[in-house]
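Dropping the structures in below, format is structure tokens.
You will see two complexes here that share chain A, one where it goes with chain B and one where it goes with chain C.
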Partner chain A sequence: MNKYFRELTVAAALGLLMLGLAILAPHFFQFQPFISRLTSQMPALVAAIGIALIIISRQIDISIGSQFSMCAIIAGVTAASGLPLGVAIFAALGAGAMMGALNGVLVAYLGLPSIVVTLATMVTWQEALRLWQQGRLLNLPKGIQWFGLSQPAGQTIVISLAFILLIGAAWAMKNLAAGRFIYATGTDAEAARLAGIDPKRTTFGVFVLMGILAGLAAVFNLVQSPQVQPNCGDGLELKTIAAAVVGGVAISGGRGTLWGVLLGMLLLANVNPALTHFHQPPYWEKAIQGLVILLAVVADGIRSRKARL
Partner chain B sequence: MKRKTFIVSLALLATLPFISCSKSESKSKLTIALLPKSKGNQYFVTCEKGARTAAKELGAELKFDGPINSDPAKQNEIVENWITDGVDVIVAACENKDSISTALKKAQAANIKVVTYDADAQPDARSFFVNQATAQGIGEQLMDTAASLTGGEGEFALITGTLTAANLNEWIKYIKAQQAAKYPNMKLVDIKPCDDQKDKAQQEATNLLSAYPNLKAIIGVCSPSVPGAAEAIKQAGKAGAVKLVGLGLPSENKAYVKEGVTQAVILWNVEQLGYLAVMAGAAVAKGELAPGATEFTAGKLGKMPVAGDNIVLGKPFVFTKENIDQFDF
Partner chain C sequence: MKALLQLTDIRKSFGAVRALKGVSFELFPGEVHALLGENGAGKSTLIKVITGAHLPDGGTLVVAGEEVSNLSPSKARELGIACIYQQPALFPDLTVAENIGLRLKKTGVLHRVRWASQRTQAVELLHRIGAEISPDSEVRSLSMPEQQLVEIACALGSGARIVIMDEPTASLTQKEQHLLFKVVRDLRASGVGVVYISHRLEEIFALADRVTVLRDGESVGTNAVESLTEAQMIKLMVGREVSSIYPPSEGEPREVVLSLKNLGCAASGVTGVTLDVRAGEIVGMAGLVGAGRTELARILFGITPADSGEIYLNGERISISNPREAIARGIAYVPEDRRRHGVILEMPIAHNMTMAIHPKFFPGSILRFKAESLLARDFIRDLGIKAYGPEAPGGSLSGGNQQKVSVARWLATKPKLLILDEPTQGVDVGAKSEIHKIIRGLAKEGLAVLMISSDLPEVLGMSDRVAVMRVGKLVELISKENADAHTVMAAALGTNGKDAA
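Showing the complex of A and B:
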């Protein structure tokens, strides 16, 4: 079977969906809504890059939604206090790195299961935010939205930075030692250790990177409107994990590409807009997304069975 | 946790002088205790403003205390303190219906009158509920406002919180009924859930705008949906061409209202809610308002109708470009 079978399948499904839209609902491709829609999907793409690396290294991080919200609010509060946007961005990335480092220490060096650790940090950050912000929308000062530039310029920056990041990360995963460390750690941590890789350091590094990417994703979200809501990251973990799984990242670690993640994300993210453009009720959204995820998991199952035989 | 304990003990210390004072004062002055869901929340701070006005008019003492965060256990604690304190009436907005009802019943047993406002307790734990608005009032007001903006014609869509939220579905029911009854030339084309997320509402609205090119209005049924939809309309360059009406706080919508993206924000008058709640509490304590009453006089609001054990504040308030600057919650 072709090495990129999954990526090709998902690309074909996405292509079919787009073709259907082009024929039945050409309004979908009007320039402005298309670009606005794509821009709004970029924060999840950035976070999905991180979650893919986490899963490839055979871990999970369900705290990323909370990290995202926390980083967004920290950046928002920083900006609202009158500090320049650069400081706010730095604060978001720094906060993300610290939250990621906490997960990383607990998982990599204390050997605690990542699902439990990140469940705990997920709830902790969420509740801390609730206590701090009381669920209110935070109004941002002028000059934050679109980095203080025009709407088209801001959208161009967000989309191009996200794609540059994706291309860079995909290249690094394939060509840099760090990338191969992540695959090796996820495939077999003991074998990786014997081969001279430090799996603990790799795992720790991946969690820190995840935090930073959650912070960056939060910034990309922050600049798209003049307000930020403390629950803005809710559900991000499910969205990104689903994108990774559909895109062919094996939940058992060691396998998957970021191109697959991009395709998986675009496919899942466009189910809802497609339903709206086909004038169908929204009840189908979750059902269809669930079905897509299920198909991906079943395909993975069949594949690993075949591999064992 | 340490810090919380510290704050709580500080708060307790702060109330100590009150406890000793109020006991020694003459019994003629009415003591009204107002419990918000959370005392840091601007919404309840605004309620308090109205409550203070009412207390001043009545010549009563007003105690205002609540959890820092919305915390049902902390609400019980405060009610317990007020029981020991011997206040005359407790006016409460309940975070958790079941958990606070026990404490409120205990207060009733100690001869303290109980009235609820904003969010009700169990009916047997209070004598009256001051209801900020009825589902029917909200639904009809939203539909009427949208219709008046579009001239009673054209397609419109709703953005709600979740498809399963009972209160939102109730409002939607009345929106649909009002449309069917009064605006036959309007057509509801879609209802989208935003999961109470502003950003999702923005995406939903972007999709609605491109999927329904003839869309004339969007109604935001939950508060995050209104600024979310506003941003989408603004990004699409359709401000004013597609009207936006919704339920929400003035402070969260002020910028869009002033830019002309959002035409109307609907909410009850929060300050009046606090005022009415305290007036009702005082009337119950003085025996002027008892079960079976059909109306009572609420200070400057005049005669308010009483329906069973519900006192309704009245028609929701419409915030527009003209008046939104006067409100800061």
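Showing the complex of A and C:
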């Protein structure tokens, strides 16, 4: 079977969806709303790049929603205190890196299971935010939205930066030694170690990168609205993990591409707008998304069964 | 006498691959029938047909006089067919008695567990095979051979009439082998038929009554064991004369490459090892499983660093605290568990081969696919690796070829010292002698080779000197002239040779 079978099937499904919309609901492609929708999906895409690397290295990070909220609030508070936007962005990325580093140290160097570590940090950051912000909406100063530029300019910046990042990350996974270390570590950490690779450093690095990407995702989210909520990252972990799984990243590690993740993300994110444009009740969104994920998991199961026989 | 098991003209294909092309095989009560063949000859497929894991495409299967069609694993078990695999399939968190009980009792969901009778039965079965294992110990805490004994106890307890053993001695020490042989002979005496698979010919001579040799999915004949010599058996298996099984050593050893003085590591139980290995020399490491040979290799490779003694490489005193340092110093370690640690099965063999030379081969860490592919092609040619190209995933290769890929990965580091851990374990006879030639060729080119092997003929045939380890100590260094099976085994067992093979 083709190596990129999954990517191709998801691309076909996405293509069909788009084709159906083009025929039955062409106003789906009206330029402004289309671009707005795409922009709103960019923060999750950036976070999904990180989660894909985490899963390929055979780990999981369910704290990214909390990391995202924390970074968003830190950036928001920084900006609200009158500091320039650049400082706010830097604060978000720095906070993300530190939260990622904490997960990384606990998982890579203490050898704790990532599901437990990130469950603990998820709850910790969530509750810390609750204590700190008391659930308040944080109003942002004027110069934050769209980086202080016009909406089209801001949207262009967000979309292009996200795609540049995706292309760069996909290139690095294929063409840099670090990418191969991640695949090797995810396939078998002990085998990687015996080949002279440092799986601990690889794992640590991936978690730090995840934190930074969560911070960047938070910034991309922050600039899209005049306010920020302390629970803005809720559910991000499930959204991104689902995108990765649908896109063909093996939950058992060692396999997957970022292109697949992009396709998975777009497919899942367009269920809701598609429903609206097909004049169907939006309650179906979750059910359809669940079905897509289920299909992906079943396809994986069938493939690995075949591989065993 | 009526045959216990009779297979006639069994055929089985997987897609275009014809794994069995009409194999016939029979097993009588009270017989040990060896099944021999290179990897890929169809042994495991035949076993899977007998245990009901695969349905044959054609042919008949008769168990104790009754023709059986649509054999399933559970039906096979009811018919008294039991299989003991190389890797025991027990529940590690349950006790020995619980494992045996689970295997033997077919109970309903709400059926009460009779703890006392379950334990009594386990004790009785373990006693029957002479295993000194507590029924209350968790299987996790048992060694691999002990787990195998538990498997045998299960087979015995289920009243199996046909017992299949797939390379049962692969991980056993000499003493445990003797115990296992005794169990097999007891089984035979009680009228059980045993199908015995092993790559070690001397075991077949010691144990089997008849031997059936498979080659390319066909049976090339069933013979009484005493009517064959070792050379004839190998010839049947590979279909050609293997002229000299081991390549001769050539040339004089040169300067000392590795020198160990009183080396030890408390954590892995190795103490006071003093040893020199010269360029151009193969030093064989013999000893029982658990004698500290792999542990010594892991010390030299920095996996469990030494905490006492000195290591000199080319006369320079060094310390090695992790594998990367070892690689940088010119030490290469081809690990024992090839499928897990030697090659990454999902990755193309070209990627596998550059795995240990990333910093050197890819400066700036940007991968160069063309150079990598060329390097892989060279190794594929030089080592005679059978693969469709550098892009072939490691998992698509046979065991012997995977081992060559694993060796290639380490040759790519241009090492001074090559440590091989069980280089031919589970490799078929043809590939085995190819690997032997490669190893000897490397020594001739000036590499210092340290070869750990539990295959005694291999150690004796390949080594210029044999280093014997026992309970973490290097107990004897034997020159090639003085090394024979008796002296090496005696040193490994620590006796004056009375118990040796």
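By our rule, the second predicted complex is superposed on the first by the 309 of 309 C-alpha atoms of A that agree within 3 Å, B and C clash if a C-alpha of one lies under 4 Å from a C-alpha of the other, contacts with A are read in each partner's own complex, and residues count from 1 in each chain.
One rule holds for everything that comes next: a residue touches a chain if its C-beta (ideal position, glycine included) is under 8 Å from a C-beta of that chain, and two chains touch if they have at least 3 such contacts.
Since the structure is predicted, the reported quantities are computational estimates derived from the model, not experimental observations.
J.: Once the two structures are overlaid on chain A, check if chain B and chain C clash or fit side by side.
T.: fit
J.: Using the superposition on chain A described above, determine whether A:Gln67 touches chain B (first), chain C (second), both, or neither.
T.: Touch partners of A:Gln67: none, neither chain B nor chain C.
J.: Tell me which partner A:Arg255 touches in the superposition: chain B (first), chain C (second), both or neither.
T.: Touch status of A:Arg255: second partner only.
J.: Looking at A:Gln151 after the superposition, I want to know if it touches chain B, chain C, both of them or none. Which is it: first, second, both, neither?
T.: first
J.: Determine, for the superposed model, which of the two partners chain B and chain C contacts more residues of chain A.
T.: For chain A, the partner with the higher number of touched residues is B.
J.: Should A:Gly235 be classified as contacting the first partner (chain B), the second (chain C), both, or neither?
T.: First partner only.
J.: Using centres of C-alpha atoms, tell me the angle at chain A that chain B and chain C span after the overlay, to the nearest 10°.
T.: 130
J.: Scan A:Arg37 for contacts with chain B and chain C and give back first, second, both or neither.
T.: first
J.: Mind working out whether A:Thr187 is in touch with chain B, chain C, both or neither, as first, second, both or neither?
T.: The second partner, chain C, only.
J.: Quick check on the superposed pair: does A:Leu176 touch chain B, chain C, both, or neither? Answer first, second, both or neither.
T.: second
J.: If you've got the overlay open, could you tell me the nearest Cα approach between chain B and chain C in whole angstrom?
T.: 39
J.: So in the complex, the part of chain B that touches chain A is made up of which residues?
T.: My answer: residues 38, 40-42, 68-70, 163, 189-193, 195-199, 202-204, 206-211, 213, 224, 227-228, 231-232, 235-237, 251-252, 255.
J.: Along chain C, where are the residues that touch chain A in the complex?
T.: Going through chain C, the ones touching chain A are 14, 301, 303, 322-324, 326-327, 333, 335, 340-342, 344-347, 351, 355-356, 358-359, 362, 365-367, 409.
J.: Chain B touches which residues of chain A in the complex?
T.: 25, 27-28, 30, 32-33, 36-37, 40, 130-131, 134, 136-137, 139, 151, 221, 224-227, 229, 231-232, 234-235, 272-273, 276-277, 279, 281-283
J.: Enumerate the contact residues on chain A facing chain C in the complex.
T.: It is residues 174-178, 180-181, 183-184, 187-188, 190-198, 254-255, 309 of chain A that touch chain C.
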